[in-house]
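Heads up, the next two complexes both have subunit A, just with different partners, subunit B and then subunit C.
Right after this comes the complex of A and B.
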């Protein structure tokens, strides 16, 4: 089955961790993830600046390595990210901000990517939300 | 055929960017001419209340953006009767032309759409 997975919560929220475990299980079960889409506070799950306490799971780092390892299409909503200070190099330069916290493998793009993912996938599974 | 998406908006307009971000999903999908519906549930029905003065909270007015939904082709608009009643809102004086649905109709609505996003 083709899954699109949307994440609406930051790395410290249980739902971000559950989304990651679901994504891992989907691939392990032979399914396909057509796209990961990070929206609302979910953009923080993609931030490279998260520092988890040593005795806790570093879910942001786990997301990063999961996406890189499986070469997944991982889109962070640009409007939601700008609002929350999650910037790639181009946006940090554009708005003259001092830090970049969204290096590869993430891609900043628009909400059209969420709709496209929902069209292509058999299931859109959302985690987080209010 | 394009798969249909129901967006369930559950946050009051003054409760951070959530209501606006739910609306943005609908408007973006409308721009692509996708089959969309939007359901206002729980505190999300406060988005439909008339006579709001968000400027007093130094906030932008969401109502103007909500009015754009039909223009973007999003005409399937719904509100939960129970949520309205709990919050003392009258379904006949809302800012948008929504269909007010009881719990059984809500179940049928959610079942009718291919995909559902709740924010």
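Right after this comes the complex of A and C.
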């Protein structure tokens, strides 16, 4: 079956970790993830600048390696990301900001990508909250 | 059309749980995760509400969140992540109370 997974929470929220564990279990169960979509505060789950405390899991790094390892389509909402200072190189240049914190494997794109993913996938599962 | 409702907010902080129970169809199911599992704390008001809702085999809770909070799984069926994935496919839609 095909899953689209939307993440609404930052890397330090339990629900971001829960989304990752769900995504891992979906792939391990032989299912497909058509797209991951990071929306609202979920854009922080994709930031490369997150520094997790040493005694905590680095969920942002785990997301990054999960996406890279499985070569997933991982979209970060551009409007949500810009207003939160999560920028790829093109946007940092465009708005003349000093830092880039969204390198590959992430893609900045619009909310239409979430809509399309919901149409293509058998299930859309959203993660947010505590 | 059946729905798996997912709640992760504490029942002591807002009214998501009671709103959800009001909307829950008799073929729908409820999965509690994160702080929402506090609703399964025996003796609490949310526990009483869940008990009265009579969800029987349609009430689930994420096992690791129960364990992390030392909450018993007497009222809800504890599920791990593979079972969460299976539940999301068993029901036609997944509605997360964000």
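The rule is simple: the second predicted complex is superposed on the first by the 128 of 130 C-alpha atoms of A that agree within 3 Å, B and C clash if a C-alpha of one lies under 4 Å from a C-alpha of the other, contacts with A are read in each partner's own complex, and residues count from 1 in each chain.
FYI, contacts are C-beta pairs under 8 Å (C-beta built on N, C-alpha and C of every residue); 3 or more make two chains touch, one makes a residue touch a chain.
Nothing here was measured: the structure is a model prediction, and the numbers come from that model.
Q: A:18 contacts which: subunit B (first), subunit C (second), both, neither?
A: Only subunit C is touched by A:18; subunit B is not.
Q: So, does A:111 touch the first partner subunit B, the second partner subunit C, both, or neither?
A: First partner only, subunit B.
Q: Using the touch definition from the top, say if A:81 reaches subunit B (first), subunit C (second), both or neither.
A: Neither: A:81 stays clear of subunit B and subunit C.
Q: Quick check for you: in the superposed arrangement, does A:26 touch first (subunit B), second (subunit C), both or neither?
A: second
Q: Report for A:129: first if it touches subunit B alone, second if subunit C alone, otherwise both or neither.
A: A:129 contacts both subunit B and subunit C.
Q: Let me test your reading of the model: by the given contact rule, A:60 touches which partner, first (subunit B), second (subunit C), both or neither?
A: After superposing on A, A:60 lies clear of both subunit B and subunit C.
Q: Could you say whether A:119 touches subunit B, subunit C, both of them, or neither, answering first, second, both or neither?
A: It touches subunit B, and subunit C stays clear.
Q: Between subunit B (first) and subunit C (second), which does A:1 come into contact with in this model arrangement: first, second, both, or neither?
A: Only subunit C is touched by A:1; subunit B is not.
Q: Intersection of subunit A residues contacting subunit B with those contacting subunit C?
A: Common interface on subunit A, subunit B vs subunit C: 8, 123-124, 126, 129-130.
Q: Which residues of subunit A touch subunit C in their complex?
A: It comes out as residues 1, 3, 8, 14-15, 18, 21-22, 24-26, 28-29, 31, 122-130.
Q: Per the contact definition, I'd like the list of subunit C residues that touch subunit A in the complex.
A: By the definition above, subunit C touches subunit A via 6-10, 33-36, 62, 80-82, 84-86, 88-89, 93-94, 96-98.
Q: List the residues on subunit A that touch subunit B in their complex, please.
A: Where subunit A meets subunit B, its residues are 6, 8, 39-40, 79-80, 83, 110-112, 114-115, 118-119, 123-124, 126, 129-130.
Q: Name, in rising order, each residue of subunit B that touches subunit A in their complex.
A: Counting only subunit B, the residues touching subunit A are 2-3, 5, 10-11, 17-18, 21, 24-25, 28-29, 31-32, 34, 115-119.
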